[in-house]
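Going in written order, the chains are labelled A, B, C and D, and every chain counts its residues from 1.
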C-alpha cells in the first residue's frame, strides 16, 4: 500500500481516474465503447485519438528535457509539417494516389527532421541556450508554414491521407495506433539500449559525461532531431484530422501541453532521470481534461481556472514535500507489521 | 612560503581588463548599436528622437516585466505567468475604474494582485517544491481565468485622473516621454540597486549558483526564493498598470505569450537560464532589441504576415549568433 | 588542558538519523568543549558527515537531543546554527562559484553603508580573512576561477567570519597541500586558544595526531568511543575505526610497495612539446607499460592541467602525442579512451559523479559510453562488474541501486575509480584518487595501483600527499609554475630531494 | 525599397500617390488572409497607393506601435483592423494631432470621440448572427430542435456579437441552445469540442458555429461519430470561405451567412476621398449575403477566397 502511494505514477494515474470518474458521473455512458463496422467507437476511443499527436510531441519533449533542454519550436514544426504535406497533395494531380501520399508524408517528415537538426545544431554545436535556440524556430517556423500555404488554410481530399486522422487500423483509430506504436518503439529502444542512461548522464552532469566518453554533443543533437521528427509526425496526424493545413493554429500551444504532460508524468525540467510511462499518463490526463471541460459543460469563462486548479492539485499532490508528508503519516499510523519488515534490510545494508 | 607565488602570478596574468561576465551584455549592446546604425542608413526618419522615444514608450511595460523576470531567472527559476498577470492587472484596473473607484485605491490594488499571485508561486515552489515551470504555468491559467471571470470583453478606461496620469511629458522638442517610461526607469534603478547592493540581491545570485550551496552557506534561501517570485509578480502587476496606461483599457486577452518576450529579452541580455549569471541592465537591452526588431519590421513596410515572422526569427538568430561570437572571442 | 574540563558547548546524546531503510546514525553521543580541537574519526560512510549535518539542522534526527550552550536546540538549518555560533564547512565545498571570493566569504555578515552593501569594505575585510589563511588572491575575482584547494580555503575563511563558538570542518584538508595544511593548523590552534571549539574530520592520521586534543570514533553509524588523542596509539585508533586489527592494513601496505620497474621498449604514450597557452608550458613525457609515474608539485603547479592534456580532457595547442609509436591527436576524452587512456578528475562533484544516477549506472557509464549506446552491456555482465568493484573497493552501501548522491564522499570516490577500472584502460591517469578516502581504503587503492602496474598498466598518479607519490612511483615528474622542471627516478628519490625541486631549489 | 513619405510633411498626395499605413490584426485565419490579400491587391502602385503593411500578430501593443510609427513616418492615411475594441484613444489623438486621417476596417473601436476616425468599413456581426438565427427559426421552428453552439474566441467582438444576434433571433421559438463552448475559431478545436458535445448529448439537432472553420471541424467530428452532417445534424455557420461553401454545396452544411473579407476596394475608395478632403460616411456596412445550398451552387465557381 505504501509502495503504491509512493509510486511516481500514483498521482498522475489518480488524476486520470478522477477525471474519468467525473465524466462518468456527468454522463453515465461515457466509458461505453461500441463496435460498428468492426471499429471501436466511444469517448475513450476519442480520447486515445486526440492524445495521439500530443503523445508524439511529448515523447520528443521528454527526451529533450532529459538532456536539460527544452524545445519550444514543436508547435511551429507541427504547422510546417501539415503545410508541406497538404500543399504537396493539393498540388498533385491525384491527391489520393498512394505514391503521392507517401511522397507528401516523406517530404514533410524529412523537412521536420531537418528543422530538428537545425535546433540541435544551435544547441549542441553553437551552444545557444535551448529556450532561445528553439524560440527562433518557434517564431520563424509558423512564418515558413504560412509561406508554404500562402496564408490560406489549405484543404484537400485524399482518402489515404485521411486515414491518418480518422481512419482505423485493427479496429482502433489509426492515429492512436501510430502514435502509441511509435511511443512504444522509442520507449523500448531507449530503455533496452543504453541510450536512456547516456541521455540521463548528459542531462545530469554534462562535464562528467564528456570525461566519461559519452558523446554528449551527438546525443543532444539527436534528441532535438528526434523531437523535430516526432513533431512532424504529430503535424501529419493533426492536419489529417481535419484534412486542412492551418499554419496559424495547427499545434498552437502544443509545446506547453507537451511540457505539462512531461512534468505531470514526473520528469523534472532540470534534466536527468526521465520517465516515459509518466509522459504517457500525462498526455492522457491532458487530453481527458480537455474532454472533461466539454462534457461537464464548464463555461468557457472558467475553463482556464478549472485547468489551473487541476494542475495545481496534481502537482501539489505529487510534490516531494507532500510525498514526504504522506510517508510520515503512514509511518506514524503504520502497523507494527511494517516496521520490522523495514528493519532487516536496513541492518543488511549497513552490515554489508 | 612559495605557495601563493604561482597564484599571484596567475592573478596578474588574467588581468582585470574586462570581466568576462560583462561580455554577453556588451555583445548585446554592440549589436543593438549596430542595428540602430544599419536601420538609420536604410530607412529615412529612423534615427529621429520620436522613433527612439517611441521605442521606450512602447516597451515600458515589457521592461518592467523583464526586470521582474530577471530576478526569477537569476535564481534558476522561470515565471510563465507574467503575461496573464499583466492582463489581469489591466482588467482589474479597468473594471475598478469603471465601477467608479478612485485612482489612488485602484493603482495599488492592481499591483497588489500581481504581488499576491507571485507570493502564491513562491510558496508553491519553495514550500511544496513544485517546479517553477509548472507552478507558474498554473498561475498563468489561473490569472487568465480570473480575467475572463471579471470581464471577458475589453473595458475602456475613461477616468480623467488615470488618463492624465497616462499622458505625455514633453521633454524637449520631439523628445517626449510618458510617465510609464519614468516608472520603468525607476523600477530598473531599484532592481539594479537591490540586485547589486543588498544581501537579498546577492542571495538571489547565490541561489542561482547552487541552491544547495546557498543553503549550506546559511543564506536565507527560503525567504529569497519566495521574494524573487513576489518581485516578479509585483512587476507583472505594475507592468499591467503601465499597459493599461499605454492602451487606456483592460482586456483579458492582452499579453498572450508576452512571457516569452520577457524571457527572450532576459536571455538575449546575457542572463543564463540556469541561473546565477546575468545583469538586469542586460535584460533592458534585450527588451530594446526586441522592440527594435519590431520597429524595423514596421519601417520595412512591405512584409507580408509570414515574412514578418520569418524576419523576426532571422533577426533573433543573427542577434544571438553575433552575441555569441562577441562573447566567445575573448574566452 | 585535560585538568579543568569546562562544560561542553555542544552535547549530542543518542542522535539517530535514518534514511529509510538505512540507519546512518544510531544513538551517537558527542561532547565538544570550548578550547579544544576534537577529531571525528571513522571509515568512509561511518556517518561523520551525517552527524555534522544532524547537529547543524541539515538533517533532522529521528531520535536524540542536541544541546548547544546548555539549551536544547533543533536548528532549522545552517543559517540558524550559524546564528547560534555554530559555523560549518561541509565536506564538499559548498560555495557559489558564480559569486566573487569576497561575497562568498562575507555574505551574511556583510558590511553596509546606507542600508546597502559596502563593496569596498567587503573586499577589504575579505582580503584580511584571506591573508590570515595564507591566501593571496583577488577578493573581487570570481570563485569559480580558482582551484578546488583555494575554494576549500575560502570556505574555511567564510566559517571563521563573525563570532563563532563552534567551528566544524568536514575534511578540510583533503584537497590541501602540506603548506596549506600547516597554515590551516596554525589558524585552528589560534582559534582554539581563543576558546573556540573545533570539530575536525580527516582521514590523515598524522594530521589528526598533530592537531587534535580529543577524538570521537564512529563505526557503521554507531559510537565506538571518545578518547584523548595523546592516550590512543594510532594502531588502536585504526582498529577502532575499521573494527579489524592493524595486520590487515599492514599486509596491504606491504604489497603496496613499489613493484619492479619494467624495462619497456616503446612507450605506451609519448608526448613531445605538448602544451596549452595559459594553462601549461610545453612538456615532454614518456609513459611505459607497467610503470607508475607520479606528478609532484605545489598547488596550482599545473599537475591537473598536464593530466588533462594527456587524456584529451583539454586540447593541446602545441606538440604531439604518440600512442604505441603512432602519432595521434588526443582531441577529446573519447578519442583518448579509444587508445585506452582513462582519466579520473580531481573534481569529483563537478566532473566526476553523475549524482542523479545509481551506483550501478555510474560504474558502467564509461564502459557503456565506449561501446556506444546501441550495444548495451548485457545485464548479467553489468551485475557482475558492479558486484566485483563494490566488493573490491568496499563501496558502501553495497547496493547497486543506491543513488550516488546518497553515498558518502569517500564512497563516491570509490565508485569513480570503479568506473574507470571497469574500462580496463592501458593508461590510467589518477588525479587525487585518494582524496577523502579512509585509511583502510587508501591502502587498498595504493595496493590496487601497484597491482595494476604490475599487471602491465601504465599509471599516472597525482596526489597532494608526497609520501604516497614517492612510495608508489617508478618515476616522478616535478612541476613548478606550470612547467615541468624535472624528472627523477622514483627509486632513489628522497622526500627532501623532491621538496627541494618543488620549491625551486634544485636545478631546472 | 526604402521608406518614402518625405520627412514629416504629410502632403504625400502632392505626387498623386497616397501613402497608406495599414496595420493588420494578424494572420490568424483564412478569412484574415483573404482580407489581407484583398487589401494588398487593391492598394497597389497602379491604383495610386504606396501601401505600408504591418502584421501585429494579434498584439495590441504591436498595433499601437505600428500606428505610432506610421505617424512618425508621416503617411497620408492610416487604416487598421483593431485587435481589441478599446484602448485606441491615445494613439488616435496623436494621429489627429498630426493631421493624419484614420480609417477602421472590419472591427470597430469603442471610443466616445467619433472624430478620432473618419470611417469604419466592415460587416455587422450582430446582424450576421441574426441572419443565421432567423433562417434557423424559419426552417425548423416547431420541431423542438436542440442546438449546440461553437463560439469564437472568448471575449472577441465577432464571438460576442454573433452569439447575441443568434440568441435574439431564436428567442420566442422552440429552439433551445443546450450547450455552448469556445472552439477558438479553429477547425481542430471545433472538432474536439464537437466530439465532446457528441459524447455528452445524444440529441443534438443543429450546430451553430461562429465561423466556417469550426463548422468544418464539427463536420469531421460528426462523420467520425458515424452520423451524416447536414442531415442527422444540421449545421449553420458564418463566413462563407471557399471550403465552407464547398461543404454547403456538398450538403454537409445547411446555411452560411457571409462575412465579406474583400474590404480592399472599399478601403481604396474611402482613402482617396478622405485624402481629397471629401466627406465620407462614418459607418460603411459591407453587405453580407447568406447562402443556402442552391445559392451556394451558383456562387461557388466565382468565389475568390
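In this text, a contact is a pair of C-beta atoms (placed from the backbone, for glycine too) under 8 Å apart; a residue touches a chain by one contact, two chains touch by 3 or more.
What you see is a predicted model, and the numbers here were worked out from it, not measured in a lab.
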Under the document's definition of touching, what chains do chain A and chain D have as common neighbours? B
Distance between the centres, which are taken as Cα means, of chain B and chain A, whole angstrom: 30
Chain centre separation (chain C, chain D; CA means) in Å: 71
Cα-centroid distance, chain B relative to chain C, in whole angstrom: 43
Note: chain D residues in touch with at least two other chains are 26-27, 33, 36, 154
Going by the contact rule already set, what residues in chain A reach two or more other chains? 146, 151, 247, 300-301, 303
Which pairs of chains touch each other in this structure? A-B, A-C, A-D, B-C, B-D
Per the touch rule, the chain B residues reaching chain A in their complex are 124, 127-131, 133-135, 137-142, 144-146, 148-149, 152, 260, 263-264, 267-268, 272-273, 304-314, 316-317, 320-321, 324
Of chain A, residues touching chain D in the complex: 26-27, 30, 36, 41, 43, 46, 50, 146, 150-153, 155, 165-166, 238, 241-244, 246-250, 252, 290-291, 293-295, 297, 300-301, 303
Provide the residue numbers of chain D that touch chain A in the complex, in ascending order. 26-30, 33-34, 36-37, 151, 154, 179-182, 184, 186-189, 191-193, 195-197, 199-200, 213, 216-217, 220, 223-226, 241, 243, 305
Chain C - residues contacting chain A, complex: 18, 20-23, 220-221, 313, 332-334, 337, 343, 345, 350-357, 361, 365-366, 368-377, 396-399, 419
Using the touch rule from the top, collect the residues of chain C that touch chain B in their complex. 58, 77-79, 81-82, 88, 90, 94-99, 103-104, 107-108, 110, 115-117, 119, 134-138, 140-142, 145, 150, 158, 177, 179-180, 183, 278, 298-301, 480-482, 503-504
